[in-house]
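Chain IDs A, B, C and D follow the sequence of writing; residue 1 opens each chain.
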């Protein structure tokens, strides 16, 4: 599971470089997220622009990644395709994550 | 995963009829536990006398079975072999379950 | 035109067969990208459940999928020779409101299946599980 | 006498190879049932981790296990061609006190490995992961 890590003024951006987070990719995704965020202290944004498909195992892996974030850090999502968004909303997990339509350019002062 | 269900004065006894709760058996165990306890209202006791080996996946499945018990019901364990007991204590899960050396004959009045 | 495919009940086998089904559905459907997306998602959940639950005690199970092209919908039939679905498995109608302190990491599959598939039916005979359902065709947006 | 075995990195393959290792250890050890139990448990955790994590992106990985019979211990070497263990993976020293509201269902494997195995070493070269460790022989109880 390739995950590109970019530090931006808006936080750490983690871009998933795969088209699918499915049953086959779920464990590798969780492991990659743990490795990429373990020394994190602020906000991490998961950039899903490349992801065209997630199933319930992929959704579970994203929730697990949220739960395994170091204390005091946040995990937010950006750039969900309509298929990905549908899975989040069917499972009502769209209320659990802060979801950005686009990558936030800077950390908004009012958040 | 064979699970024998016996209703006793001390509660529902679920006897695991397999020697191993390992990575291969973990999901089947969880599924069988869900099916066996879904209409349960009181106390269920998992009788592990036949189980000679559990690994961390098996332990995880027993914890998952505890978490998926219907509200208001309890899951207790009985008859752990020394190998099984070791896994529970290494993971400190021996403090999470009530563990009986033998199957309780009747529900003790002082519990 | 109907079609039929087979796969190993493993994560990689399922990924491959979903890709082949997607191709076959696209060849037979003008527009209808949304229908294909929904069909792929429901099939993914059903095939994953078979691989994880019905075949949980074996490394080598096989799944067969048949697709019938109805006028208004795709009708799918999924066959496997794994364990029966226990009667205790009930279709949840919708997801519970999540509680921050105990977010679930699983149990979303049946919700997805139940929300997106219609006429879901399950039969078992001679050691074979047979699940059938339809995915209503979403009309492609008309150009105007 | 040393011995060597191989298995598919699948739950069924791992179950079979553990049973074969148990047999071979028993044939080579008088008494020492507890040593064998500990060795089986540590190997189970290591092989499961390889199958679930190192080979998470493939259906067909292979694992090799070599065992050396030292006087005071069994020395094991485990080889696989899966992904490297990320540096971020650290051995926990012991299990955290569980909180009733958020009981973990996973993460116990490394605790078991770390508590029961000694001299744990990891090397990677030419795409091969090599994990070695020893399991101290517990003396069989002396009859009296």
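The working rule: contacts are C-beta pairs under 8 Å (C-beta built on N, C-alpha and C of every residue); 3 or more make two chains touch, one makes a residue touch a chain.
Being a predicted model, the structure only gives us computed values, none of them experimental.
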| item | value |
| --- | --- |
| Required minimum of steps from subunit A to subunit B, each step between chains that touch | 2 |
| Gap in Å, rounded to a whole number, between the CA centres of subunit C and subunit A | 25 |
| Centre-of-Cα separation between subunit C and subunit B, whole angstrom | 33 |
| Shared-contact residues (touching 2 or more other chains) in subunit A | 24 |
| Interface hub residues of subunit C, defined as touching at least two other chains | 11-12, 52 |
| Pairwise chain contacts, counting only pairs that touch as defined | A-C, A-D, B-C, B-D, C-D |
| Touching residues on subunit C, where the partner in the complex is subunit B | 52-53, 56-57, 83, 86-89 |
| Residue ranges of subunit C in contact with subunit D within the complex | 8, 10-13, 58-59, 101-102 |
| Subunit A residues touching subunit C - in the complex, by the definition given at the top | 20, 22-24, 53, 55-57, 59-61, 63-64, 66-67, 82-83, 86-87, 90-93, 95-96 |
| Subunit A to subunit D touching residues, read off their complex | 1, 24-25, 27-28, 31, 34-35, 38 |
| In the complex, subunit D residues that touch subunit B | 11-12, 14-15, 37, 40-41, 44-45, 48, 51-52, 94-98, 100, 103-106, 108-109, 111-112, 115-116 |
